[in-house]
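The structure appears below as structure tokens.
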């Protein structure tokens, strides 16, 4: 492609000179600075919140209920509410997400228009703002056809809607990562399609799927906007008694305390944030550990 | 599938177990036997009082579950008359034109009891030094279509400052009462202000905005008195500041008002925990009022309320 | 499909003894149907979203107090007052202003981070920064809202920069949302830059270019489709962001263009009104749906554009 009459580098890129070297150096510095801004903000956020919140964390904070007195207030109902929601979400997204992914990867003929519709659909759903899912939950789950009221089940179902598309997408990638030779070997030995899936492909892709599920749960835990529309009254000072119970959750409690002008409640909000972040880091660590431990080299 | 995963699941289950068991022994050492759920919703002005009562009640009766919401007086009545709540907190009486027919239609009968007093307090940011406002000036500032953009336009020595207003939203009984009393008609108000059903958000707003003025229930001022400037109101009898005394004896005019609790009669008779809670709320009204920094009932008002409640329970 | 049973005539185990008799035709079909139904659920959800939003939106416009023209052109939004006004302009304006501020912050930061990670960072530095960015992406938005209200506005905006903003203001909202979407833009842009074939870089190096010139004049233009996809995706996230603006930007629908004053976005309106638990059938309830529908359409359009860009840049190199 270079010929004798090609334009020399000098014409294309300009004269290399010391000013260029200066510019090169400044450029790297600028990029490093840009990169560090977001990281610095994160650090300031964490340090600030921790310095406010960590002193407030105590066993009694973790085992008390919300109260009008900051000194007595705690997050027990928020923690148990979050755990209950996590349970409902897991119960819904694992079968539904894996089944949908299995269908799309193993059974769907991508030349059929309806399968393409489903695929595009899932991609769009993954990008819908979570508050729109809250509206959906309010209209159809809390009220409307399901009329569950502001209960744990309603909250869990709404959160499942938010993360289901992501679970489907990650599960699909996990299934896709299993080499076709595994499946073809099983089929060649006379297995039916389902047997091949159930006994070979699915087991091989479980670590990937589990990682996706755990990350989705981590995301669901932090979602506040849908719960605002679907969640219960301000003051819930008891642990959920069942799926039909009113509930509160960590993000809701944080939001409620942030809205209070008293500085004392702000500190409590910071403490609740730290607890929430610890839970999230733990979940992410489990997911990463799973991914590293069980990642198979084909 | 493998030990680490199983141990993680076990740890999680253990965590749930600990919080579930550890909590109930810490949360309430009471020996009360009330159990079951009580749903309360309504006025954000009454909310601190209801929350204090609910908390004390649950402490004494660990098996009772009281949820208190803050949808506003109007929102509370909507749910009450739809049979969704047992008790509705209200900072104004139920509307005979709009709300009573709905309750009637759904077969909801109720009793109302006064539980506290309140004086709507006009507050400003400490940097905005307004000491007294006449009701006429308040009307000029807040009426529908008001063109006041600077406080100095209100005349008689009000300082200059860009008008930045905070107030309750339209579901609020405080909004209804204020607009009716100051502007003549319920709901008559300018719309270019920051509304919120959550009075705490209003306090935050006024605190942080140097030319802010807002109005909300007295308890929200009391709880944040060090960060707010209280404005005296001249309702014809001179500039009076709201306080427990002036609200109880009615000299803080015209913004003094009673706070009510409406109880569903059917719930009262069929759910013993509702009866227990409302009895408790009245019996401990003074203590709850103190906690919530709300203006309590006078002894005369208290005995009147208890008599009314007894009558409703007896029937 | 391979459902023929392979019998082994020379003594090895035959499939039948390993897998059992092939009696599963009906079961297979049933399973396929079950899985299909699961996948169709996603379609049902989308239909549900569009139906709930569109249906109530139509009822909303049928209400006497609302006119289609007024909805789009009127500049007052006071749906819950006695003489309600339904001009969505203040809400859309606030959403656009805050998203614009967010993008102004996030685009340089995101592209800069992506370029740094893709072209300059050593594998060790990259291994340290990438998870930190993922951590940033994983922090719940309510935490950012808290940070914006309690620290950023008083300490940075009013204290450090001396800007004299109100406690609720659009600027804090916009800047924090910007930080929030940096990981989105950075990760998509970085993938796009890494995907640029090494031969292009080597060609430029061969001609005597410095790394800076390669980055700025070769890699970024080559990755432009992917970078744009990331930006559009970030914009979509900024538009849909609720908690930060609900906590930090306030609930005052205003036509003021000054970001130092409070402003209510579409998402903040939905959150604030939904929290108040408006009764079904009231105009406030229907207003939630109308605004939600507008929001859904906006993000849908942005997302479709983003997917198109991704598809385009993938095709160039595969």
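Observations, loosely collected:
A, B and C label the chains in the order they appear, each numbered from 1.
Just so it is clear, a residue touches a chain if its C-beta (ideal position, glycine included) is under 8 Å from a C-beta of that chain, and two chains touch if they have at least 3 such contacts.
Everything numeric in this text was worked out from a predicted model, so none of it was measured.
Across the assembly, the mean Cα position most removed from that of chain C is the one of B.
If you compare B-C with A-C, the chain pair joined by more contacting C-beta pairs is A-C.
Centroids built from CA atoms put chain C at 38 Å from chain B. With centres defined as mean CA coordinates, chain C is found 13 Å away from chain A.
The set of chain C residues that touch two or more partner chains comprises 275.
Annotation for chain A: residues 259 touch two or more other chains.
Counting partners per residue, chain B has 41, 69, 201, 204, 207 as the residues that reach two or more other chains. Chain A contributes residues 60, 62-65, 67-69, 76, 79-80, 83, 206, 210, 232-239, 241, 245-246, 259-262, 286, 289-290, 293 to its touches with chain B in the complex. Touching chain C in their complex are the following residues of chain A: 9, 12-13, 16, 20-21, 23-24, 27-28, 30-35, 37-39, 41-42, 44-45, 48-49, 95-96, 99-100, 102-104, 106-108, 117-118, 121-125, 127-136, 138-140, 143-144, 161, 164-165, 168, 184, 187-195, 218-219, 221-225, 228-229, 251, 254-255, 258-259, 266, 269-270, 273, 276-277, 280-281, 284. Note for the complex: chain B touches chain A at residues 1, 4-5, 8, 12, 15-16, 19-20, 22-24, 26-27, 37, 39-41, 47-48, 51-52, 54-55, 58, 65-70, 198, 200-201, 203-204, 207, 223-224, 227, 291-292. Residues of chain C touching chain A in their complex: 1-6, 15-16, 18-19, 22, 24, 27-28, 31-32, 34-36, 38-43, 45-46, 48-49, 52-53, 56, 108-109, 111-113, 115-117, 120, 129, 132-136, 138-147, 149-151, 179, 182-183, 186, 204, 207-213, 215-217, 233, 236, 239-243, 246-247, 267, 270-271, 274-275, 280, 288-289, 292, 295-296, 299-300, 303-304, 306-307. Interface residues of chain C, counted against chain B in their complex, comprise 76, 78, 80-83, 85, 153-154, 166-168, 250-252, 254, 262, 272, 275-279.
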